[in-house]
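Consider the two complexes below, in which chain A is the common component and chain B and chain C are the respective partners.
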Partner chain A sequence: MASFVLRRLGVSLLVLLGASFLVYQLVAISGDPLQEYRESNRPNKEQLMQARINLLNLDVPAPVRYFMWLGGALKCVIPGKCDLGKTLQGQEVTDALSAAIPSTLQLVASATILAIVIGITIGIVTALRQYSALDYSVTFMTFLFFSLPVFWVAVLLKQFGAIRFNDFLADPTVSVGVALGIGIVAGLIWALLLGGTMRRRLVVFATATVVTAGIIWYLGWSQWFSYPGLGPAVIAVTGAGIAMGATALLAGLRNRKALYSAFIMVALAVVMELVLVPQLDDAGFWLIVLLGLAAIGAGLLVGWLMGGYDRGQSMKIAALTSFLVAGLVLLDRFMQSWPEYFKATRGRPIATIGSETPGLDGDLWITGIDKYAHLLLPTMALILISLASYTRYSRASMLEVMGQDYVRTARAKGLPERTVVVRHAFRNALIPIATIVAFDIGGLLGGAVITENVFSFKGMGQLFIQGLSHQDPNPVMGVFLVVGITAVTFNLIADLTYSALDPRVRVKA
Partner chain B sequence: MKIRRSIAGVAFVASAALILTACSNAPEDSDETTAPTAEPTEAATGGTLTVAETNQFFSFNSNTSNGNVDINAKVTQYPTRAWFNYVDGSSFAAGNPGVAKDESFGTYEVVSEDPLTVKYTINEGVVWSDGEPVDEDDLLLSWAVDSGHYNSTDGSVSYFDYAGDTGTLGLTDFPEFGDDGRSMTVTYSSPAADWEYALAAEVPAHVVAKGAGLADGQALIDLFTKLADTAPTATAADPDLQKVADFWNTGFDSTILPSDPSLYLSSGPYIISDVVENQSVTLVPNEKYAGDLTAKLDSIVMRTIPDATAAVQALQNGEVDVISPQSSADTLTALDALSGVTVHKGDQLAYDHVDLTFNNGGPFDPATYGGDEAKALKVRQAFLKVIPRQAILDAIIIPQKADASILNSQLFVPAQAAYADSVANNGSDQFPGEPDIEGAKALLAEAGVPNPTVRFLYNVNNPNRVNAYTLIAAQATAAGFKVDDQGDAEWGSRLSDGSYDAVVFGWINSGVGVSGVPQIFGSTGGGNYNGFANAQVDELANTLVKTLDPDEQVNLQKQIDPLLFADAYGLPLFQSVGVDAVSDRVGGIADYNPSQSGVWWNVWDWTVNDG
Partner chain C sequence: MSDQPNDTIQTRQRLTDELDSLEVAADLKGKSQAALVRKRFLGHTGAIVSLVVLGCVVLLAVTSVGIGPWHGWWKYSWLDTPPLQNGGKPTLSLFPLSAGEHPFGQDTVGRDYFAMTMRGTQISLLITLTVGIISAVVGVVFGSLSGYFRGGVETVLMRLTDMVIIIPVLLIGAVIGYNTNSGILVLGFLLGLTTWTGMARLVRGDFLSLREREFVDAARLAGASDRRIIFKHILPNAVGVITVNTTLLMSSAILLETSLSYLGMGVKAPDTSLGLLISQNQAAFSTRPWLFWWPGLFIVLICLCINFVGDGLRDAFDPRQRKIRLRRMSETPHDDVEGALLAAAVVSPGAVRSGWEDDAPGGPLGETPNEEHR
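And then the complex of A and B:
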């Protein structure tokens, strides 16, 4: 094992060295660093060119320059001695990187996690309903999104998700026609999702259309879009839904202890909504995190107190329900600050660029909404284009597992379908996906060059592309180094995880 | 099945509950009047204005060659540096590029024309935002930097890494100072045409002094005075002055707001209050400012948006109020579709042109024909005659600006009053916009070189240049030229190496002043890539940079212009289109300003109106 890891690391180091040499040469031949001066008719341009030549050592051939850079980069092994050179703007590359990495993570991390969760869920569901209308429509949609260029998706999202939506918010009333249109779309989705006989589908479609249209119309009529909120009633009802869903999925509704502990957590959350939330106006970030942990802890405690033959299951379900319902309560608190934020942005809350409104000061709730309003569109764009691969991988993997002998055996011995799917099939279907997820997390730091550009995020992708377009090798190499090292590391982690998850795979020294 | 039924049940109950309990967080007394509207009422003054720019801010000193990027100058120079004068952004559209004076800061006057002597006096009571007066140490620092006086003449010692031209103030010797401590007199050893633009606003001298380990501004004055005579001939750098120069060169570079507030002091109407790395810069009124150009806004936010489409959409979404995107047909179409926005189009200072090479043994070089000047001239004229300038304009510029026209002068632009005059007499009419194939053939036949090969260099990565090349090559081939396609991404490094006979690229003019003329057309100019040498042009250009009278300057340029066409130097093609777009809630931005400061040149006039 140890020798395997060491050997892999050794090889990776050589790969990194070779690749960095290549990248450095490619950047060097990608253009002319003096171009901006050549077209200028400033009287002192020769002096300026000379300054640039001295700064970038342009009088030294590129292969030799690489080793000058490498000399500084190798010092990174010693903490605090890192010398990755300076950007053309005179900033240390290490500083530029340490500013770019958090910005990139902020943008890409939530999008990747959401894409993984949603993608796997869709993949599993479509696998269970293979060759159904649902399967075909989802496949069609994910491939459609997959093949759209992100800059175009971004422009459309901005036009409809931000500009038009903000226009709508200026006078947020919904006409009956629009409400009905949205209702019909929702009805179609529900009919597809629930499936069944034709009659069933029609009933589902009609019900969902009427209910959705009614809700939308009511929300517009009651000024909900100007003063959004959930209120205890919606939290209670949605919470009950979450409690039943979680129990049904993880334990089966027949496990009454688990169901009741989940319901207790929902009741507690509603009490908290009425008692605790009004006290939270000056809350800080860590207090919220603490409350989230407390919610999980309370769930575990209630589950444990409920006792029964399978305490663990009750604890798990109660904790999950508690955490999700606490999320609803948090959402409601954020919504209470919405009108204030709306005013602060002069009635244009959803943003199309950047990661925050400059100069906006406000409490946690206002800045939280601000972050959300800025991250919404880029996150959506990234999720849409990366959904397809997760969906397809998890669908294929799930299908394969469902065809295995042990699934048939599980069914043959009379296990409920829920247990077969969740316990026997789902877990095993996740093994190959773990590899892909590890790769993608490794690629997180690389940023999303085009998305960052379109949404004016100043992350790793921007650092890379700016460096490249100005023929500034140091930031490009800095980005390469970070991305290369994480990629290599996570490849290794993926291999090791695989062997840990699948007992049939063993790492041989 | 049970699960599905329960889901349906939950959905139903949820919708019922929603209707029963008004779940919105609307205030109890909510009615139409208290609903938030998109237009909060604000007074005509005050408010926040957000400007989108393409580059990222990174230095509080925009005068170093490193920091001299448009965005640093926009954010620091106009809002935070009061000065004797500033480039008047409206003067370009008016056809008379020049500077406007700010006499609430100080005055300058020509004391004598021969020798040229200029006296600068700062008004009493002008202070930096830390309370330190703006006075002679600041004047001296400006002079020391802008004159390059302390660099040794043999080039072995160099201190300030100044981005501007030291040629003009380099003609002066150490200035004299008035007894009031706020005035400085410089004397030129020979007349200098660009004297009015030579002395530029600088970072605070007392901060530079402290940063270099000196006690105060007076110590800096003493240091400069001490070294005034010896520095030009010094062979080793003075350690104290080196410290001053090092601090000036790099001490003000920062992508974030420095912890030391003295690094971003202001003497102008606004002061920087916040910098979000690579994303935004916020300016607020400078309370210590007492001049005439007072701030009218509560804050100005500069946001960096590199992508033109993103900038247009941000403007549409109301996130920014002013944008100056790279002009393109797509961007302009998108801008024209917006309502509530005013679009200003204008001509940039950049213009595209075709140059022929005179000294590489190619078809345009007299040496090829044994020194036969007339023969080479005919070949050059023949080539210029086939350049389809109107077709190039139609393809590249007309889609952006319908009323654009061909540029017919190497020295003037159409907005200038002298342009029409010069064009009438400069001989540009021998090369009309439409290609003259027959004329070119006749000239080639006269010269006795029916099929010369022309190596044509252009930037393959710039679609406009590729377009221009394609159009030119088609016509030239028809006239008998063999056009050798030398399109190259590395075209810039090939300029002046003689490996091509014709080239199309753009000049970027520095705005005001005339010192660029000998730079390009003088036989030894740094921008003379094509080996053009004309003794008459050299003489006129040298006189030009020593001429103080603006009318006489125009007159001299009018004499140079025809010489360039007579020699078939090359042809100007068109000016690039520049654009900015301003939301209707903004007041004070009226014209497109092609100079480096863009919309920022009258930042003190900006207002917003949300009423």
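And then the complex of A and C:
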């Protein structure tokens, strides 16, 4: 095992060296760094050219220049000694990178996590209902999303998700027709989701249409879009739904102890909403994180105290419920600051470009909303296009597992279908997906070049593109180095996870 | 129960049914692997419809504005600048169906947007095709050599693959973008040289499992040369993986090309491509939305069709995912035919793969996770 890892790391290092040499040469032939001066007619043209030649060592041939760069890059092994050169603007590449990495992570991480969670859920559900109307429509949608060019989606999102939506928010009234339209769409989705006989589908469709249209119309009528909020009642009802759902999925509703511990957590959350949240006006970021952890901890504790024959299950369910409901409470608190934010952005809350409103000043809640409002569109674009592959993968994987003999055995010994699906099939279906997820996480830092470009997000992709279009080798190499190292590391992790999860696969020692 | 008269009829009916199915099963025996695949593919409605639509798009793009010296049947070329009519609004209408003077409208200087979109479609399709062919060929060569010979050859080839994987495709775009006079085929060729890695890995995985099979041993014992074993025995069995991945590769290639052109690194003016059209016209979305809609719709249409065809091919070559349904259906005797069909396919070598052989994740005919176009 250790020798496998060491050998892989050694080989990866060689691969990285080779690739970085190639990349450096490619950057060198991708343009003339002196182009802008050659075309200019400034009096001190010669001087400027000489300065740039000195800065980039252009008097040395490119292959030799690579080794000069490598000399600096190798010092990165010693902390604090890193020398990746300077950008054309004279900024240290290491500084530029350390500014770009967090911003990229912010953008890509949430999108990837959401895409993975949503994609896997959809994939599993469609696999369980293979060849249903739901399956066909989801398959079509995933293929459609898969075929969308992200820059095209981005422009559409900007137009309809930001510009039109902001226009709507300026005067948030919902006409009966619009409410009914949204209701019908929701009704169709619910009917597809719940399935069953034609009669049942019709009933579901009618109920969902009426209820959704009613809610939308009520929200518009009560000025909810200007002054949004959830309030204890909505939190309690949604929380109860979450508690039921989590229990039904993970333990079965017959497990009363689990169900009750989940309900206790919901009740606690409602109490917190009434008691604790008003005290949080000046809260800092870490306090929120701490409270989130406390919510999980409280869930574990309550589950443990409930005891019963399967403590672990109650703890898991209570912690999950508690975390989700705490999220609702947090959302509610953010919503309370919405009117203030709305005013601060002069009525255009959803942003089309950048990662924050320049000059915006405010407490955690205001800046938090600002961040969401800027991340909303790029995240949606990224989710849309990466959802498809996760859905397809998990569907295929789940179908494969559901046809296995051990699933038949599990059914034959009389286990309820829920246990068969969740415990026997789902876990095994996740194994191949885990590898893909590891690969993707490895590629995260590369950023979403085009998405960042369209939304003017100052991340790694932007740094890379800027460097390329100005024939600036150092930032390009810096980005490449970071991306390459993470990719190689996560490839190794993917292989190791695979062999850890599936004992049938062994790494070659 | 048996003394009721209509029960005999039922029994007879069932017997004839079974006889029928037996006959069909006997008939199946004679079918080759290719015939089975063809039959399954033709049964995939989505794939067939997509194939037809794709064919129509290609035909429309090629004949309307023509290629090379041939002018095509459309009255404008993508370079003409007729006077602007009605602010360049599209004249296409469905009720009554008529194309009008400029069905897709005109751009800001009056060029006919239908002709431009068609020209863009041509270029994008051409690049897609080139990328598909080049990367399929390179990928198959790398994958089969390393999978078949293993040892030193494998190490060198696979490390080379690893190296190409981490080289960003955008860089290639930038290099081509700098040398503006290099043609469209060069762009396709160079892009193909960077996108073959997924194919190489999958083909290698397939070869690794196939080379351990008995029929390969038999061929070797009979004195077949390496070349003969690769071309006659293993490659035909890997054709499923190769075809499916080539289609998927092409669908991601069209997105890659349009993305590069969008960033100003692929196709350059005065020539045009679908991505370039969008990039040139995105700012005009609020005033002339059609300039933005048409090229985008064509990208989505082409890509969607290719994806569906790929899906149909995957189902045709590897029917394992259909198992669950077949099992349910086989409760009625008549559907045993399809069960027999499945069994025949599973027994035949091309359809069976030993799953997670080495480090080829993503399933036997897995979609290569291609996030390049993000």
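We take it that the second predicted complex is superposed on the first by the 509 of 509 C-alpha atoms of A that agree within 3 Å, B and C clash if a C-alpha of one lies under 4 Å from a C-alpha of the other, contacts with A are read in each partner's own complex, and residues count from 1 in each chain.
Criterion: a residue touches a chain if its C-beta (ideal position, glycine included) is under 8 Å from a C-beta of that chain, and two chains touch if they have at least 3 such contacts.
Computed from a prediction, not measured in an experiment: that's the story for all the values here.
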First (chain B), second (chain C), both or neither touched by A:417: neither
Which superposed partner A:453 touches (first chain B, second chain C, both, neither): both
Which of chain B and chain C A:222 touches, first, second, both or neither: first
Per-residue contact with chain A, leading partner among chain C and chain B: B
Partner chain(s) touched by A:281 [first = chain B, second = chain C, both, neither]: neither
Which of chain B and chain C A:352 touches, first, second, both or neither: first
Touched partner set for A:155, first chain B, second chain C, both or neither: both
Which of chain B and chain C A:166 touches, first, second, both or neither: first
Touched partner set for A:31, first chain B, second chain C, both or neither: both
Residues of chain A that lie at the interface with chain B and also at the interface with chain C: 31-32, 151, 155, 159, 163, 453
In the complex with chain C, residue positions of chain A that touch it: 11-12, 14-16, 18-19, 22-23, 26-27, 29-32, 130-131, 139, 143-144, 146-152, 155, 159, 163, 382, 385-386, 389, 392-393, 396-397, 399-400, 402-403, 432, 435-436, 439-440, 443, 446, 448-451, 453, 464-465, 468-469, 476, 480, 483-484, 487-488, 494-495, 498, 502, 504-505
Complex contacts: residues of chain B adjacent to chain A: 2-4, 6-8, 10-15, 17-27, 30, 35-40, 48, 50, 56, 58-59, 65-67, 69, 161-167, 250, 253, 255, 274, 276-280, 282, 299, 301, 303-307, 309-310, 313-314, 316-319, 350, 489-493, 495, 505-510, 515-516, 519-520, 526-527, 610
Interface residues, chain C side, partner chain A - complex: 159, 162-168, 170-172, 174-175, 177-178, 251, 255, 258-259, 262-264, 275, 278-279, 282, 285-286, 292, 296, 299-300, 303-304, 307-308, 311, 320-321, 323-325, 356, 359, 361-363, 366-367, 369-371, 373-374
Chain A - residues contacting chain B, complex: 31-32, 34-35, 38-48, 51, 55, 88-91, 95-96, 99, 151, 155, 158-159, 162-163, 166, 170, 194, 196, 204, 207-208, 211, 214-215, 218-219, 222-224, 226-234, 236-238, 240-241, 244-245, 248, 253, 335-336, 338-339, 342-343, 346-348, 350-359, 453-456, 458, 462, 466
